[in-house]
Amino acid sequence: MSSRIGHNIQVQVFGESHGPAIGLVIDGLPAGIPLDHEAIGRQMARRAPGSGRHVTQRREPDQPQYLSGVYRDRTTGSPLCAIIPNTDTRSKDYATLADLPRPSHADYNAQVKYGGHADMRGGGHFSGRLTAPLVLAGAICAGALKDYGIEVGAHLIQVGDVKAPPVDARSVTARDLESLRTAPMGIADEAARQAAEDLLAQVRADGDSVGGLVECAAVGLPQGLGNPMADGLENRLAGAIFAIPGVRGIAFGAGFDACAMRGSVHNDPYDLEDGQIRPRTNRAGGVLGGISTGLPIISQVAFKPTPSIARAQDSVRLSTGQPEKLTIAGRHDPCIAIRAIPVVEAVTAIVLLDLLYDKGACHVPR
Amino acid sequence: MSSRIGHNIQVQVFGESHGPAIGLVIDGLPAGIPLDHEAIGRQMARRAPGSGRHVTQRREPDQPQYLSGVYRDRTTGSPLCAIIPNTDTRSKDYATLADLPRPSHADYNAQVKYGGHADMRGGGHFSGRLTAPLVLAGAICAGALKDYGIEVGAHLIQVGDVKAPPVDARSVTARDLESLRTAPMGIADEAARQAAEDLLAQVRADGDSVGGLVECAAVGLPQGLGNPMADGLENRLAGAIFAIPGVRGIAFGAGFDACAMRGSVHNDPYDLEDGQIRPRTNRAGGVLGGISTGLPIISQVAFKPTPSIARAQDSVRLSTGQPEKLTIAGRHDPCIAIRAIPVVEAVTAIVLLDLLYDKGACHVPR
Amino acid sequence: MSSRIGHNIQVQVFGESHGPAIGLVIDGLPAGIPLDHEAIGRQMARRAPGSGRHVTQRREPDQPQYLSGVYRDRTTGSPLCAIIPNTDTRSKDYATLADLPRPSHADYNAQVKYGGHADMRGGGHFSGRLTAPLVLAGAICAGALKDYGIEVGAHLIQVGDVKAPPVDARSVTARDLESLRTAPMGIADEAARQAAEDLLAQVRADGDSVGGLVECAAVGLPQGLGNPMADGLENRLAGAIFAIPGVRGIAFGAGFDACAMRGSVHNDPYDLEDGQIRPRTNRAGGVLGGISTGLPIISQVAFKPTPSIARAQDSVRLSTGQPEKLTIAGRHDPCIAIRAIPVVEAVTAIVLLDLLYDKGACHVPR
Amino acid sequence: MSSRIGHNIQVQVFGESHGPAIGLVIDGLPAGIPLDHEAIGRQMARRAPGSGRHVTQRREPDQPQYLSGVYRDRTTGSPLCAIIPNTDTRSKDYATLADLPRPSHADYNAQVKYGGHADMRGGGHFSGRLTAPLVLAGAICAGALKDYGIEVGAHLIQVGDVKAPPVDARSVTARDLESLRTAPMGIADEAARQAAEDLLAQVRADGDSVGGLVECAAVGLPQGLGNPMADGLENRLAGAIFAIPGVRGIAFGAGFDACAMRGSVHNDPYDLEDGQIRPRTNRAGGVLGGISTGLPIISQVAFKPTPSIARAQDSVRLSTGQPEKLTIAGRHDPCIAIRAIPVVEAVTAIVLLDLLYDKGACHVPR
C-alpha cells in the first residue's frame, strides 16, 4: 500500500497538494490517549512553511479537524481521522509543469505509473505537503510515548558542507532533546548555525539549494524492543523513514563511519552501571540484533538538496517530445532538511510506539 | 514477525546456528519458475565460510534440501520449503558465551528479550549463518528476475579505509555486474584489492576486524515500480536489508554525499534518449518518489566491523554479576562485508521480484 | 486493525454514528477507474434509512464528498478518501443508553474494551451507519469489476420463517442479478414478498423484529481466482463479511445443507460445455480448494433479528449496578437484513476485486 | 499468501501429499511456552487416518521433528519449524487422476491456476493431509492458552441426517469439553452415536459419503478480545476456518437459526451474576460487535460430504478432451467431519491465542 506506516497502529496518509484536503487515519490506537493540542500545534508549526527565514513562503494554518476517533480530547479506540483543508493552492504556479517534468521530482514517474490519471498539481500526493499529516500522527504518538518516559528529538548535523555537533550518543537526555527541538533552524550550536545561515543566504542568492543531514535521538526506551532479522527496530524505522520526500539514506549509531572503523574501536564493551549491565559506549546506536539495548536510539537521515531551484534546467516537453528549458517559479526552501526535522521525529515516534505495542514488548498501561 | 521479507512473495527464514537445520519457506512464488541449481550453488558458495583467504574456516556443504513447492525442478505455486542441515556445530567454542555476553553481539539482548529461553549457541537465530537461506531465496528470485531481463550485482567499494571504484550509476550493464560477481573478494580493481588484502592481513595479525561498504546495482527494471510515501522502492529495500546482520545503514544514489551537494549539481536533468525521456545522470540511484525511473537502482549498504575479534574485551558475567575479560576463540572473518556481498544481492533480488508482482506493476490487462 | 478490508486494495472505514462525519480511505486502487456517481448513488440509496416501508425513518442524504484520490471523476492511484457528514444525530434518543446497555448490542462490550473512552452515542463506531462507507467502497469496486465482466447481486431468501426462492446457482446471469437488485424489499417473488410484508407488519405491531438470510451471487469470474488453505476465496470473503453488523454466519454453495447430503448427490461431476470443462452442477458455489471454478460464486449470509426492539428488556444500570428495565425509543428496522442486501453486495465486490488484483490472477505476462 | 494463519503469531503451512515432508513454521510465538508432547500426540492421533472404524486406512506415524524454535522443550521466541515426513505415499493410487480430475476436488482448478506445474499427486498441497501441521500448531497454541485458563473443544452435532445434542452455550465448562474430546467418533450421546455408526455403515456399503456439522466451544476467554468491523473475533475465526478442506460454512451462536428468530427471543438480556454484568443467555455465541463477551465462544462449522466416493462419476479426460467415467480406488473416510474435529479445535486455538496477543488485549504473562 502506498501510504501507510506501522503494524500494530497504522497511519494511513491521504491527499494531494491541490485537492480539497489532506489528512490521515490512524487505526489501532488504544483508547484514552490524551491529545495535547498545544504540543501538536508546536510540531505542526515547526514543519509549516513560512516559519523561518529559510523556508518557503506558502502559508496555511494547518489546523487539523478531527472527524472520528477522538472524544472529549482523548482517543476512543476507533480509527482516528483528521483532515487539514488545503486553502492556499495557487494552481497557476504549477499549471505548466504537468507537461514539462521537473528534474529530480516524481512528476514524470507518476505520469507513467498512473497513466496520466494522477492529480499532479503541486506535486500531488508526492508533495512535501503530505508530511503535515505525518507530523500530526507523530505528535499524537509522541504524546502516548511520554507515558512510557520516551522522548524523541532531532536536529541538523549538516547543511551543505557546514557541520554541527551531534548529540552524545551515550548520555543524551530528554532535556537535551527538548532544547534541540527549540533551537532556531534546528542547530543549537551558534557558530554552526551562523555558518549555515551564511551558506543558505549564498545558496538562495545563487538560485540554488543544498542537502542536509538530520540526526534523531530517542531516549527512555526499555531494553528488548524489536526483533531479529526482518522485523528489527532498524528495519521498521528504515522502512518508514523513506516515506519522507527527499530522504536518500538512513544509518544507525556510527553509521557509514563504521565502514572505516576497526572492531576494537567500534565494539561497545559491557559495563556495570548501577548494578545493570550496559554497553559502555553506544556506537551501536541503541540497537543490537534488531533489539533495543536500552541506550538512546541514534539515527542519521540524509536529505538531498531541494530539487526545485530557481535556475533554468533541462527537461523535455511531453506533448511535443522536444527538449526545453524549465524555470520553476515561486519560492522554495533552499534546504528541505530544515523543515524535515519534525517529520523525522514524527516518523520515529510512530515507529517506536508501534514497537512498544508489539506482543509482549511491554505492558500497555491503559 | 521476526524473520520474513516481502509482500507478494514472502520469504520466511528459520533456524538457529546449532539446531538441527536452518531453512526457509517462500510463499507466493508463482508456479513454473525454473530452479537453476548451478546458479544457486554458485551464490551459496560465495557466501559460504572457507571460500576465500579472508573468511572464516567453518565448513558446511550448505546443500539445500527441498521439502515442498518444487516439482520437476520448477516451482509448483505452493509454499516452497528448503532446509540446510547444520553439520558442523562445535558447541564447545561457544559454550561459555551464554554467561559472558560478547560485546556488539545480540547475546545479551536476546537473553533479556526471550527470558533466557533462546537457543543462543553460536548466536542462535541471530547468527550470520541465517544468511544462507536468504542467499538461497535470493538466488531463486534472481532466476525469476532473469525472465524480465533484470540482473542484480554487488561488490565492495570500501574495506576499512581502502576504497574501490563504484560502478557507473548511469550506464552499468548486466555484463558489468557479472564481472563484479566473479571478482575475487568482491573487488574488481586490482590495486584496490591488493590494498584491501594488505589491510586485512594486518587486521588479522592485530586480532582485529574492519567494516566495509557494499554497493549494489540492479539493471533492467522497467520504469514505474514502487509507490509513493510508505511503500516506495527504497522503503521496501531498506526495510529488508537490515535483515542482514551487521548492516548499519543504507543509502541510494548519491546517498549521504547528497547532504553536501547543491541542487544544481545533484538534480538529474531530463534528456531524450532514443526517443525516450530519461534522466541524463543518475544521482537519484534509479528511484524518484519511491518509483523506479528505469535507470539502474544503486544502493550502498554499510557494514560494521566483525564484532568477534581475537582481542580480550570487557564484559560482565551474568551469573556472578562481575566484570570479566572475554576472549573469543575460533577464527572469524576479519571483514563480514566480504561474505555479505551475495547476501545484499539476495535481499535486493527478493525485494525487486516482490515489487514486480505488485498489482499492475507489469501491466495487468484491464 | 479494526476497520480494514482487503489485501491488494485496502478499504479503511472510520467514523462514529454521532461524530462530525463517517468515511473511508481506499488505498491501492489503480489509477483511471471511472466513478459512476449515478450507480454509486443508487447503491447508497438502497442502504439508506427511510428508503422503504420496513426500514428505519432516520434520513440523511449520504452524499459522499471526495477529499483525495479522485481527479476528473477517475481514480488517481493515490489513496481515495471520501467523507459523509453526519447531519441527523439526535443524541437525545441515545442519551440514556451509555449507562444502561442494550442487550445484544456492543454497548457494554465497547465500554469494557475501551475503558469508557469510546464515543458510543448512537452505537458509535459499531453503528449500522458505518455500513454507508462500505457500500460506497463496494460501488466503486463494482464499477471496476464491470470492466472484467463481473457482476454482483444479492437478495433475500428468508425473512423470519418466510422463504423466497434462491437463484439458479448454475445458470444465474448478470441480467438476473440486475432484476434482483431492483426488486422491492430484495424479494423478486411476489407471493414471498407479500408474505414477508405481512410478517413484518405483524412483527412491528408486536414491537419485535426478525432475522433474515441474504443470498449473494457473483457472475463472470474467471476460473483460478483465490488460493489454497488460508488465503482462499472463501477465507477472504468470510473474513470480510463479518464486518457487517448483525451477521451470524456465512456459507457457500449448498452451505449448511451439505451436512445432510450424500457425496453422490453433492458432488459436481464434470461436463464438456462448448469445449470447456465445467462442473455440471454448482453445489460448490463456484469455489473448489479456495479457487474459483468459473461458475457463479454463491454465498448465504445469515442476519440476526434487529437487536433494537420496542419491548422492555432486562439490563443492568452501570452506575448503580442494579437491574433495570430498558425501553429503546425511536423507530428501528424490523429486519436489518433488508438494508443489509447492498452491504453484502458491497463487501463481496471489494473482496472479488481484491482477488482479481492478486499477483498473476489476471495473467501478468512473464 | 496461500497458507498462513494469524496476525501476531503466524502459522505457515507447507508441503504436498506425496512430497518428502509436510510441515509448518510458526513465527511470533513468545519464548518459554512449554511443549507438551503427550498432549500434542493425542491431538495428532485424533486427526490421524486409521484411528477409528470410519476413517481412512492410510497409516503414517505423523511424528513431528522440530528443526528450530524449540530448545529444552520450550519455545525460544525464534520461528518454530517442524516437519512431518511423508512415508506412506502410494502414488500409484493417484497416478491416473492428474489427467481425469475428480469431481468436487481441487484437481482441475489447481491445474488451471498453476499452469500444470503443481505437484497434484495425492491432492498435493490441497490434500487433507495438510491438516496435520494445522493440528500440530493448534496443539502448541492450546498449550499456551491453558496458561490463561482457556480451553477449546469440539464435537459432532450432525452426521448426515443424524443429529447429536449441542453443548449448553451458556454454561459449558472446560471439563465438559474434555469429555467431548474423548468421546468416540466425537459424539458423546450414545444413541446418537449408534445412529451415526449405522448411517456410516450404510453409506460405506453404498460406496457413498455424507457431510457433517462440527460444533466448537471455547471457554475461559476474558471479555474484550477482538475488534469492531473487519477485525472482529468472528472475522478472524471465519477467515481461518476455511483453511480446512471441505468447510462450506461457519456460524456463531444461534447461527443460521437466528434468521427465523424474533429479536425478543434471540436477544440476550443482561443479568447480574456474582456482581458481574453478564448476558443471561448466549445466543450471541460469546461475541458482540466483534468482541468477546466473556461467555463461551460457540461456533458451528459445516463440512461437505467426502468428495472421494467409490461410485463411478462423470469426468472429462484432459488429454483427450473426452468425457469418461472415473472410479476412485483406495479407501476414504465416509465422513470427513469426524477427523476434522481436532482440526477445527486447532484453528480455533490458533486464532484465539492470536487474539490474546493483540495489543493491550491482555497482559502477556511470560
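Order as written gives the chain letters A, B, C and D; numbering starts at 1 within each chain.
Just so it is clear, a contact is a pair of C-beta atoms (placed from the backbone, for glycine too) under 8 Å apart; a residue touches a chain by one contact, two chains touch by 3 or more.
What you see is a predicted model, and the numbers here were worked out from it, not measured in a lab.
With chains reduced to the mean position of their C-alpha atoms, the one farthest from subunit B is C. Each of A-B and B-D has its own count of C-beta contacts, and the greater count is at A-B. The distance from the centre of subunit A to the centre of subunit B, each centre being the mean of the chain's C-alpha atoms, comes to 26 Å. For this pair, subunit B with subunit D, the centres built from the Cα atoms lie 39 Å apart. Across the assembly, subunit C contributes residues 1-4, 13, 28, 78, 110, 113, 125, 228 that each touch 2 or more other chains.
Interface of subunit B with subunit D (complex): residues 1-4, 10, 12-16, 19-23, 25, 27-28, 31-32, 65-69, 71, 74-81, 83, 110, 113-115, 117-119, 124-125. Put simply, subunit B touches subunit C in their complex at residues 8-9, 28, 30, 78, 147-148, 228, 357, 359-360, 362-366.
The touching residues of subunit C, counted against subunit D in their complex, run 1-5, 13, 101, 103-106, 108-110, 112-113, 125-126, 130, 158, 160-161, 203, 206, 208-213, 223-224, 227-232, 234-236, 238-243, 245, 247-256, 258-272, 275, 277, 279-280, 283-285, 288-293, 300, 302-309, 311, 313-316, 318, 321, 323, 337.
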